[in-house]
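Letters are used for the chains, namely A, B, C, D, E, F, G, H, I and J, taken in the order the chains are written, and counting of residues starts over at 1 for each.
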Amino acid sequence: MDVDLPADLPGREELLARELAYSQDLQRSGAWRHLWRIAGQYSNLSVFDVADNDALHDLLWNLPLFPFMRIDVTPLAHHPSSID
Amino acid sequence: MDVDLPADLPGREELLARELAYSQDLQRSGAWRHLWRIAGQYSNLSVFDVADNDALHDLLWNLPLFPFMRIDVTPLAHHPSSID
Amino acid sequence: MDVDLPADLPGREELLARELAYSQDLQRSGAWRHLWRIAGQYSNLSVFDVADNDALHDLLWNLPLFPFMRIDVTPLAHHPSSID
Amino acid sequence: MDVDLPADLPGREELLARELAYSQDLQRSGAWRHLWRIAGQYSNLSVFDVADNDALHDLLWNLPLFPFMRIDVTPLAHHPSSID
Amino acid sequence: MDVDLPADLPGREELLARELAYSQDLQRSGAWRHLWRIAGQYSNLSVFDVADNDALHDLLWNLPLFPFMRIDVTPLAHHPSSID
Amino acid sequence: MDVDLPADLPGREELLARELAYSQDLQRSGAWRHLWRIAGQYSNLSVFDVADNDALHDLLWNLPLFPFMRIDVTPLAHHPSSID
Amino acid sequence: MDVDLPADLPGREELLARELAYSQDLQRSGAWRHLWRIAGQYSNLSVFDVADNDALHDLLWNLPLFPFMRIDVTPLAHHPSSID
Amino acid sequence: MDVDLPADLPGREELLARELAYSQDLQRSGAWRHLWRIAGQYSNLSVFDVADNDALHDLLWNLPLFPFMRIDVTPLAHHPSSID
Amino acid sequence: MDVDLPADLPGREELLARELAYSQDLQRSGAWRHLWRIAGQYSNLSVFDVADNDALHDLLWNLPLFPFMRIDVTPLAHHPSSID
Amino acid sequence: MDVDLPADLPGREELLARELAYSQDLQRSGAWRHLWRIAGQYSNLSVFDVADNDALHDLLWNLPLFPFMRIDVTPLAHHPSSID
């Protein structure tokens, strides 16, 4: 997920606060399993654990920053060498 | 990491067994934190937890399948919204 | 899915017959919902209806032609304007 | 089809309502055979069943959202392994 | 259409003769409307006039050089400014 | 040639009328040999028959829509298999 | 790092002065090991010597010009042939 | 070098006159050895003969149109087959 | 023009000698106006002065190394700022 | 510089020994200023300090591994913010 948020967007701080709350609620619920910053970019690498593609799209579409993001989804599966 | 392993490679099975052992040892030690299959591809998405880039390169260079792989490394950092 | 199958591959005809049977079994079961040829290419566009990414990967990994394919997966969800 | 619709476009809601009606009329007529959301994006994957390229272009050019879309067309043909 | 034909392919001359005959038959029938060489490359730009995508794919799939080609199809429609 | 013309450009209709007249004059003179719409896009595929690159550039540079276009030129030559 | 700084940005000169001071402080501290201009572009190639990815991201995120930059990070390691 | 100059830029004509004078001075001095238009684009292909990369960057950075250009530099060397 | 010539090609030296003679004949005739090496690559940047695209294609197609090359042609025109 | 060296190349060890000696001689002479491994790849990032493009090309062309490398050269200049 890459973010491109105008510096002078009206309501910018309130938007970021809502994004933070939304993200942390989902992390606590377990749907947003991992969240890393990509070093040097206003971007993140995230791993989600959801029931299906519909649930994933709803989750992402409702991100407060969604209109300012470019998102690529890579479908992940269990790896046969994984010890998990 | 994308893998392109010739079907008729001499010692193919033994090589895959060494790769499996190497990968699972590192997963148990905590250095190879996550390992997912990318659905539909002979590729994986992995997250490593190592001291520095030298340690990361050594770990990857010594993968038994390294000569048959194409690897792109994305440097990850802590995300300020992460609850971890 | 792009296919690159050597013309002189030993067992080529038998492989193609197994691919055909595998594909049609999955179409009949409903897991392989749609299968179109991309005009002018040895490629197809397919839509699958499976339980999750693990099921999708298993289905694709077991394609008899998998070692000769390059596959990109696009995760599809219900569209709010769809009448289905 | 990727959509990039300004949040503050005058008449935005009316435009989206016209897009919805246009799309569902074509779905009911059978010309717009399939419509899926691409998970995580303001994009869709659609399959059309039309007489020829002229009909396809007219259909797409008249989308109310056409000026805000980027569209790539992949020509599909019958696949010899398809059971349809 | 880009061609990559091994110099030492057995039956190379006979293959090229069949390609020439196939192409010229289709040009005479009107299905292969235009055929230009892309300067500096073993490639051509062609325009076809066929009933539908199935006919187009059959035509291309049966090119004697098809297994040695990479083909991209751009769907063309009537242009409103064209005087034809 | 891809066109990206602002919907609210002052003098938009007059500009489009000039583009149409310019294009059709050149089609009638034979310099603009072919003009097709690329299905689903505000783009065209054109073939020009001009004396040299200077004449081609002058023709394109003077398109009324030139400032709103992105143009890629592919140099075409006679194809040895062409019956023309 | 590519820079795209609007010519008419309010406070442009003050911003550039802060960028210069920030960069030179880090060069003197040794964290910003090398800084070269890429000829013909408003871009630079830099090498950093920092403890980890978190330190690297903090350093880059706090660049006064960060909101106007596009940055790609390539993780570097010791090369076995290096005499350093 | 690609140019993207706003049609309504204040001082546009004066800027273009300065660019012309700057370019022709350098052509006369021998530093700007060749200058061609890329047919169909507001772009040029240029060859420079300068002492080193610092001189090249200074020359390009001081182009009056530099802020409106995207420039890629390809380092050229003597070719062993050249008769020059 | 990028060259990829197998090290163990039978007749390699004789082929390179023919390429050299062919290139220098054309340089002397004025058709091959400029020939530079791209630093660090087995590639060149060349400028040709020929009557039309047919002549250009013939010239390139007959390069002794043509089957081992990848060539991209950029059509060049007179630049209005050029003093030539 | 990316390296793709066949595992079964005759004389592979001797070639690698010559590459090492060549590289370290140039590092000691100061022409090969920096040499880093790109983590996870059989690639390096190098900085050279040479008189001109001819010297750079000679240096690279004579790398014992040159026939097995893909090299991109980025021309670097002094950066005005650099303290060196």
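Keep this in mind: a contact is a pair of C-beta atoms (placed from the backbone, for glycine too) under 8 Å apart; a residue touches a chain by one contact, two chains touch by 3 or more.
Computed from a predicted model, the values in this text were never measured in an experiment.
S.K.: Repeat of A-B among A-D, G-J or D-E, where over half of the residue-numbered contact pairs coincide, is which pair?
M.R.: The chain pair with the recurring interface is G-J.
S.K.: Report the inter-centroid distance (CA atoms only) between chain B and chain I in whole Å.
M.R.: The separation of the two C-alpha centroids amounts to 43 Å.
S.K.: For chain A and chain G, let me know how many angstrom lie between their CA-based centres, rounded off.
M.R.: Distance between chain centres, rounded to whole Å: 27 Å.
S.K.: Provide the list of chain H residues touching at least two other chains, using ranges where the numbers run on.
M.R.: Each of 37, 39-40, 53, 56-57, 73, 75-78 in chain H touches at least two other chains.
S.K.: What pairs of chains are touching here?
M.R.: So the chains that touch one another pair up as A-B, A-C, A-D, A-G, B-C, B-G, B-J, C-D, C-E, D-E, D-F, E-F, E-I, F-H, F-I, G-H, G-J, H-I, H-J, I-J.
S.K.: Okay, in this complex, where on chain A does chain B touch?
M.R.: These residues of chain A touch chain B: 19-20, 23-24, 27-28, 34-40, 44-45, 47, 74-84.
S.K.: In the complex of these two chains, what residues of chain E are touching chain C?
M.R.: So the residues of chain E in touch with chain C come to 53, 56-57, 60-61, 67, 71-73.
S.K.: In the complex formed with chain H, which residues of chain J make contact?
M.R.: Per the touch definition, chain J meets chain H at residues 52-54, 56-57, 73, 75-78.
S.K.: Which chain B residues qualify as touching chain C in the complex?
M.R.: Residues 7, 37, 39-41.
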